[in-house]
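Read through the structures below before going on.
Next, two complexes with chain A in common: one pairs it with chain B, the other with chain C.
Right after this comes the complex of A and B.
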């Protein structure tokens, strides 16, 4: 049978797809692109978000220790408690004895300090919850940073203003490398390392470059793998 | 016309399409495999068997992910075993598909028409199997995405000097371009399936896949351009992908690996093993689905000729490897060759020469090239031989290299074998599904072949009425 002019030859007497399919297919093409790109962007942002890096999130502690009170109100130097920060890779968490050097006389009946007293009695250390927990394949060295002029604030934020401790920086490798590539942006004079309120001068870059020379900081080698991942 | 008769008879054995075919008969024959025939027992049996093997593959992957990559037989000094051997083997098999569909298209070889579709499908499924190995041979496969360049919180990027990083790009580009090429080729056929499907469900499925193909002149013009461009892109891709794979070895310093002949020799080997696999698949396919009219002796003979040519190139590669080992005057290179021929793995090398160099010599004879059972057996022998080639290159070079104190032996563990047979299962499972749901031969291109054959015969057709024919064309391409 010859095909009638204008007919669909019988095959298409009933259309398979209604006209609304036009809209659906157009939307699905554009939507798929935006959806895929959007999804990638969301995943990427999640990995940078405080949800993953836990920046600005306070961590519950057995004793609600306030850095703000002890530093700002009482004027205690960082090194009173974190004794090994200038000499050791690990800054150290103070032992119960350090707390009790004052709290055996002050606030002796405070229920807040009960875990400290109990620790003293039972000789069991307080289980503080770590806020800055680097993975064990990254070997961070506190002493070298402190001795080369990296202030506490540069990495830990204004701890003197923290009622409970939180992470001020993401501690990602990207963040570490940012400073290892351009330390001049963050360096300060050695004597200002433990100064919480030191603000960088207007010519920070000039100061930083001078400090790099003065402290013999090997900027060209600071991003080699072995520096951290030993 | 009587004077033409002897010539025609003489031509018969060179036909890429049996005489007497029309647009309708070609379309009927190919689409009936999917649209009208019931499930065949042989199909169900084949699919069930390959699906069982696929389950074995999944078991192996689960075991290796949970227990560690040490389940495989790799031990120092041979840290690349079956994983890499099979990776290169599968990738090599994939290359014939692209060669048939792209390179033969550029050379305007008519005989590619009836084999290109399943050869391309073969490429895709072989690449799918190959792609598993680089993932699974990693100690920590869940970090595979570190091989891709993306701005991460570690400020780290892949090492662009490593051929293994190039592999990621070569294989993923190859997979995506092959998929695109295959899909573009399928669109007119999917439209035919859409129009010929009897039930609404498959009309919708094929209709979505055909993306509104109406077969207009503009469609066809753009389709041709796109197809040709893709063929032009795929051709250097085939060559470069297997070159990159060969550089995994040639960029190393190991005697037996650091050989500059590897890139062309690997590509020739890929085409060799790929065409062998096409024959392994085409011979049962044409027999069980009665496609002898489309996949004719001409196809089989041409493929046999390509086998012979690439087999000779590969043999030349072996000869040169041996020659340069001697000619280099380098102790380690000379020992490498001696170790291959007389060391603990001598039997793999001997079998390799037997399978790849000697067996293929029978194809000099026309009788052998047209003897279907022989071709089928030979194609399998070559597949085995090409597997042995990769085994010899990877394993024997690593087992005994510079420091005798670090010599060792490698044997595939049970998990090596289960992974290998598992990927064979995956390959065939995908292939069986493909046979059942998509046209194994490009219908649109076969119709073109019908038209060309007709034109060549001066508009005379072998006995069918033009009216029926043209109406079918209108109906089936919408």
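Right after this comes the complex of A and C.
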């Protein structure tokens, strides 16, 4: 083909792009959509994972206190140590004196208990590491839950089977609201609140509705902002 | 493929090619030439229907999203308004209708015309770069039932073009699939 007078000649007779660019350009356009959706999904999964929520992750403590040993093997009631749970917003971590009520007599030479003895001698409290730590703009009240029939297990899991304490539930607002919207799924009789092995009956929903009436639980107001974010 | 120097010439050439019975053809011009699409027989475009569907989906999705979140999922008393306060839902519904339509318009256009297509057999034609500057091209494709290299070339030359050339399909290149 001779160069055409007054035109661009042969300079533009060669394709700029090879055939593969057709596929590349189309795949990249539709691939970008799938990539964006996939990326959002991955981020969502990461924020739901134990990496963020710390569910099922044990926390190191100055003394490797075993709830399993003290509850299951010794049969101590939850309220022996967490005394304020029925009357206060904060369930309380037992003072060194509570440990020493037994451990001044038993295992007195155990190296494991050295921080407890040291705390007693120096009058310095043991620095326990918190496992369930809500942000301070969320106000949580233990007493009202315990007194309305929410069992320890519902939020803290089977603590009687935990050699070291871990979070059983994510403690996200979505999780809190799940029960505030439908408390009938989780309520139990008041006398079973501290029972670790209580299992819901087959007609849990009927029992729950009955307990809502009996305990005067204002289900229609439980999801309002001021309930927690006071 | 025939090259023309004016828009009127390529429109009348396309009309004559259509009268002659050619159907699989395409025309290339630097700007939208009125009547050229009809002249090559490109009269039906499904894009408006797609845009309508996309717009409806955007609008209905927006209204459903707001209704679901404020009436079903987390009903909350904000300023004493009713939960299903539809007048407040209208602006978002409108905006997402526009968004749904616009996104469908762009992606639907790309999907229907096969773009982006950086590699195309017509780019093998010498001087085709002028199709986006000041020349007009009419291409009768080899998948037309009436296609025959000799008669097509004679027919195109009878239309008084500036130049008639054969479109070489590059090795591994795909068949022209623009339009229709």
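Here is the rule we use: the second predicted complex is superposed on the first by the 219 of 230 C-alpha atoms of A that agree within 3 Å, B and C clash if a C-alpha of one lies under 4 Å from a C-alpha of the other, contacts with A are read in each partner's own complex, and residues count from 1 in each chain.
Going forward, contacts are C-beta pairs under 8 Å (C-beta built on N, C-alpha and C of every residue); 3 or more make two chains touch, one makes a residue touch a chain.
Here the structure is a predicted model, which is why all the values come from computation and not from measurement.
A.B. asks: Counting only touches as set out at the top, which of chain B and chain C does A:19 meet: first, second, both, neither?
C.D. replies: second
A.B. asks: Identify the partner contact of A:74: answer first if only chain B is touched, second if only chain C is, both if each is, neither if none is.
C.D. replies: neither
A.B. asks: Just to be sure I read the superposition right, which of the two partners does A:172 touch: chain B = first, chain C = second, or both, or neither?
C.D. replies: first
A.B. asks: Report for A:225: first if it touches chain B alone, second if chain C alone, otherwise both or neither.
C.D. replies: So A:225 only meets chain C here.
A.B. asks: If you lay the two complexes on top of each other, which residues of chain A touch chain B in one and chain C in the other?
C.D. replies: Common interface on chain A, chain B vs chain C: 1, 8-10, 12, 16-17, 25, 177.
A.B. asks: Taking the touch rule as given, give the residues of chain B at its contact with chain A in the complex, in rising order.
C.D. replies: It is residues 151-156, 194-195, 200, 203-204, 207, 211-212, 467, 471, 474-476, 478 of chain B that touch chain A.
A.B. asks: For the complex, give me every residue of chain A touching chain C.
C.D. replies: 1, 4, 7-10, 12-13, 15-22, 25-26, 29, 177, 223-225
A.B. asks: What part of chain C is in contact with chain A in the complex they form?
C.D. replies: 74, 76-77, 110, 116-119, 123-130, 163, 165, 170, 172-174
A.B. asks: Can you list the residues on chain A that touch chain B in the complex?
C.D. replies: Touch list, chain A to chain B: 1-3, 8-12, 16-17, 25, 44, 47-48, 53, 170, 172-175, 177-178.
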